[in-house]
Amino acid sequence: MKKIKRIGILTGGGDCPGLNAVIRAVVDTAILQYGIEVYGIIDGYAGLINKQLRKLGLKDVSGILPRGGTILGTSNRDNPFKYPEINAKGEKTYRDVSERVIKTVEYNELDALITVGGDGTQAIANQLYEKHGIPVVGVPKTIDNDLNGTDITFGFDTALTIATSSIDKIHSTAESHHRIMVIEVMGRYAGWIALEAGIAGGGDVILLPEIPFRMEKIKEKTDNRTKKGKRFSLIVVAEGAKPQGGEVVYLRKVDDPNDPIRLGGISKYVGDRIEDMTGIETRYTILGHVQRGGSPTAFDRVLATRFGFHAVEAAIKKKFGYMVGLRGQDIKTTTIKEAIALPRKVKPGCDLIKTALAVGTSFGI
Amino acid sequence: MKKIKRIGILTGGGDCPGLNAVIRAVVDTAILQYGIEVYGIIDGYAGLINKQLRKLGLKDVSGILPRGGTILGTSNRDNPFKYPEINAKGEKTYRDVSERVIKTVEYNELDALITVGGDGTQAIANQLYEKHGIPVVGVPKTIDNDLNGTDITFGFDTALTIATSSIDKIHSTAESHHRIMVIEVMGRYAGWIALEAGIAGGGDVILLPEIPFRMEKIKEKTDNRTKKGKRFSLIVVAEGAKPQGGEVVYLRKVDDPNDPIRLGGISKYVGDRIEDMTGIETRYTILGHVQRGGSPTAFDRVLATRFGFHAVEAAIKKKFGYMVGLRGQDIKTTTIKEAIALPRKVKPGCDLIKTALAVGTSFGI
Amino acid sequence: MKKIKRIGILTGGGDCPGLNAVIRAVVDTAILQYGIEVYGIIDGYAGLINKQLRKLGLKDVSGILPRGGTILGTSNRDNPFKYPEINAKGEKTYRDVSERVIKTVEYNELDALITVGGDGTQAIANQLYEKHGIPVVGVPKTIDNDLNGTDITFGFDTALTIATSSIDKIHSTAESHHRIMVIEVMGRYAGWIALEAGIAGGGDVILLPEIPFRMEKIKEKTDNRTKKGKRFSLIVVAEGAKPQGGEVVYLRKVDDPNDPIRLGGISKYVGDRIEDMTGIETRYTILGHVQRGGSPTAFDRVLATRFGFHAVEAAIKKKFGYMVGLRGQDIKTTTIKEAIALPRKVKPGCDLIKTALAVGTSFGI
Amino acid sequence: MKKIKRIGILTGGGDCPGLNAVIRAVVDTAILQYGIEVYGIIDGYAGLINKQLRKLGLKDVSGILPRGGTILGTSNRDNPFKYPEINAKGEKTYRDVSERVIKTVEYNELDALITVGGDGTQAIANQLYEKHGIPVVGVPKTIDNDLNGTDITFGFDTALTIATSSIDKIHSTAESHHRIMVIEVMGRYAGWIALEAGIAGGGDVILLPEIPFRMEKIKEKTDNRTKKGKRFSLIVVAEGAKPQGGEVVYLRKVDDPNDPIRLGGISKYVGDRIEDMTGIETRYTILGHVQRGGSPTAFDRVLATRFGFHAVEAAIKKKFGYMVGLRGQDIKTTTIKEAIALPRKVKPGCDLIKTALAVGTSFGI
């Protein structure tokens, strides 16, 4: 069996704290433990398509562990199977340019390709593996925590920490002003950040994509608080939360310029209605991109470092088409195919939901 | 001359880190140094209108120094000279109920009234003093730093710290994604937060209410960066920033439900246009209420404590109609009238602007 | 079967972020979900011995979720089976006063007693259960993470976060001054904080109680760095770390006034020797009590809330003599006896150690 | 008059947050505004003695603004007027090698030399200026805030922020355990950090080098608190604090291996005695080097950027032998000679002391 001599690594999709920690762990492990060379691919799959890559040495990754972002750059628009081009008529068309990826991998003699990314990145990795035999190893990455094949992904704890600290800050304003404050957090189609930040920040109401809500039930909760002399409420809303059918569904379409969320989104929707219904002054805040930047938490740095180390181990064992993941206390591998088959969502009867209900939180139902 | 035996204190206007530190310093100083009683007035002027106040002892203020918000509550809608009421026809009307304030002050034998608040709160305090002889002492409070009579107000440093830390977080996303990121910070009609957070966070463009901008000049700056191989830019926008005449003026009207800023505001305006003009992917974030909540910075705690101490000293010296303020290293008093005559704004030729220009920042002109 | 009507709760042992979150979750769950009364016992077992307890309502726990410390107070010197007393001769003696605990429990009709604490607290709880049939339910608490029966305890993530952020700060000094910096973290006889903070902070050397070190091996590592042009090193030391036999063993005895660690401890030992051996300027810092105070991280708040909820559930199911714990993603119970049988220590061949080795960390062996 | 074409910059003395912000501002201002070249001198005066310097371009300073430490390195042992050497007999001797500095400055055609540092660094700068006519411009730097010629130095606010946040953390332990907690902060011979962090953190006792204390007075304060039912106290101690004559004076000698502070210092001294005197369990913590590392606060970044800009302005105006400084809201220059004539100390009757006294703080007298 041919030995692994050279590994490529790319980071795809949205920014996520811990990417640099993965890159550093891959480079350190490969060079120090195995004498393997590492090539960093620039801007995700775009670098494979356009032959942009560079050798990474120990010095290149020195000091990057605590830094946000990715030294390799990223891109979330460069699917080699559906690559955007402008044709002669000036129209945007899509073309399969995956053979360019094969050429780059072959020309640079990459014996393995570590793809660090979320469902989109891993879906492409799996296609490259299944259709073209590219030797990929996946590393799961998403602040939304919506990937299967791992209990948790790096980036999530940092996003959760920032969201919780923001709720803490808004709490004092809510209390001083006797207001209802609505705080919208990220998570796309999954409610993990909202659920855990809601529990950690003591949210009175938590609204999730997985549990469509009813405005009257939210009002019931705030009325109930008013009766007890609590003149303020905190509502934590996932960006993908939506009211029960019958009311307009405000579901986010990522990168859609007409996306209602870019015009105030679900938090504005909830805020405006609850102010009308209760007469209590209401403000909303959309935390936005601050949740996905900055230095990763200690938890995320440790997890990212473990993922990087195990990705190299998996490459050496030629577990191609697999993704590393955390299971309990251990790092295990699972096929990328299985990991991306279905998004990982909050189950309405899960223990976190029960815990939140036990301490008096309403989910708007 | 009659001795001061009892002091009232109220907090008015928007939430601001350091309010509790002022309250604690007033109570501790009054009781421990002078044996003076302190009454806390609930929810700003509303408490004086509706006779809501309570005696504050040392225990009531124990442990509140590091906490955000105000234990007294606040309100920014209860002007005793223009008190909102619903008449028989169900219409909203305004009435002068300032005699109720006089009654509350007299009935409770308050020999001095410390009013902690911004321009709105101090304007009312001054009216109460000038028209009715209420013995007020002002303590300046605004995260926007737009009050005269003091070099700086508590709350500003905390807001600046939060804004800067958010810019740091967004920096990594901008760099990894090669995006233009627009970050909107508070400040109402004054650009202090944007200016200092822009300098501290290394903003490439800073847009201020005091310096109306031109989109072409912003584009010039981002083009210039692109030429140098810098594929991202950070634009820090004050919520009150506006383009030069000819283009739509997006000036925030506070608490106006049709306020364009509540629909995406000036940061969306700038973000959408710069994306169109440059073709570079752009995202915007409105930091919002997280800037005015949470535990005050050490700087703000020290300043708030000094203000509280000196407000009691001023009350004892019967410097009514005066406001305490920081001048250089010292706490001095100035008449409230003078302090609120004009807002404190960024002067286009000031040293902070020159500093920002020197390190290459553009103000969009 | 008699229904649970009243629950007691106490917090024992050292301060730990998340205690208030547990108390709040217990009170909210008991009152809101089951209509059960909760009594808070003051200062750990001392309150049971001296009949110091008070009823806790929803208001008592409102707002305490994000706060460090414990509103109930704690004590780590009041073992009811070995209670210190001064006898007639003025000598300190110890006596079994556990019957006083029984009386307090019976008199106050406590149907269950939730004991939140580490190995000491749980050992006493188990004795009370086994010898006297006191209906205890344990909640594990220790920043050191050295308890079995749970994958992790609340407080650990906060301690880890503070330790890592301190290492980040010290990193810049090490690098600017070309120094060796030694940072001593907590953990008693277990190396968890040092190991994870060492990985997260990029420590060049990590010294653990579980892996006795040799000074020459530390020197080898720093020499190696010098050769590569890296003129600084970071050494993360657990307070319980010790050199291999032959050299003086500096093992911490808690609360011993002659404890060498109170005189500079193992970090001074390592720092002085490495400076002598390498000639490189060296400084040491003992992080100390800052690691166990302050607001808990989001992770710890969520975990503490889950523990509080499940402790009430366990009490209702009369799982006395059991302790709640995290296993993978779930909360499970285990007998207290089993949980405290052996301390949970770092295993030299575990995955975290392998990860640290892979990225080039030395354990001084 | 010859135009300035090339500037050198060095950073000397202890690590201090904001050094990189100064360097970046100097480089950006020099290149962008004036087309002046900048040379960075490696490791403080050592680089001038040993000809270690390198040209700094815009790219070299890109992204360093928020980073702790100094990209130029520093040294606090390389006085060119008293340079340590080992003679033939193996003894350490000192020699004047300042002519080497002149050679480096002349050979590299440095028309100005910006020296960023504290009293030691500036004293050498002034000697170079006065004795050899080296065209120096000083930038004050010290977390201790003990330099004249400026109201405040960058680094101080960051140190204050870290110290205050540590006091906040320790507060919860003190309260939960009913302990006296002693926290030792930096500041050398000046008490600024202790004084302001003590006010900001609500210290019950603050001990400063400028106000020698008496243990009985500290006991009086803690007794007083016990009487009021407050079972804990926080004592904030400056590292240079000392008891009134008659008791052993524990004054820190910097870098002395027999320094008692390295063996537990003044905080141990105070902690041991107060525990003996009151019988209340006491713990002490020495914050140490975490206070001088890490990312600078927004305040320090703005101040450091202003200093950097004005240092270049001063160089262009050939204000050699001068140091920039903050006076009120403005940056002004003063002669280095005057700035270092006397250390800037806390005056016992100053407003900060009065403020602390007003809220009930004891200074141990």
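Every chain is named by a letter (A, B, C and D) in the order it is written, and numbering of its residues begins at 1.
In the analysis below, a residue touches a chain if its C-beta (ideal position, glycine included) is under 8 Å from a C-beta of that chain, and two chains touch if they have at least 3 such contacts.
This is a predicted model, so every value here is computed, not measured.
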item	value
Subunit B to subunit C, fewest steps along touching chains	2
Subunit C and subunit D: spacing of chain centres that average the CA atoms, whole Å	35
Between subunit C and subunit A, distance of the C-alpha-averaged centres to the nearest whole Å	32
Residues of subunit C whose C-beta touches two or more other chains	165, 168
Pairwise chain contacts under the document criterion	A-B, A-C, B-D, C-D
Interfacial residue positions of subunit A with respect to subunit C in the complex	24-25, 28-29, 32-33, 58, 62, 65-66, 151, 157, 160-161, 163-165, 168, 196-197, 199-202, 228, 230, 295, 297-299, 301-302, 305-306, 309, 312, 327-331, 351-352, 354-355, 358-360
Of subunit D, residues touching subunit C in the complex	11, 14-15, 17, 19, 43, 67-70, 73-76, 162, 165-166, 168-173, 175-178, 181, 262-264, 268, 283, 285-290, 292-294
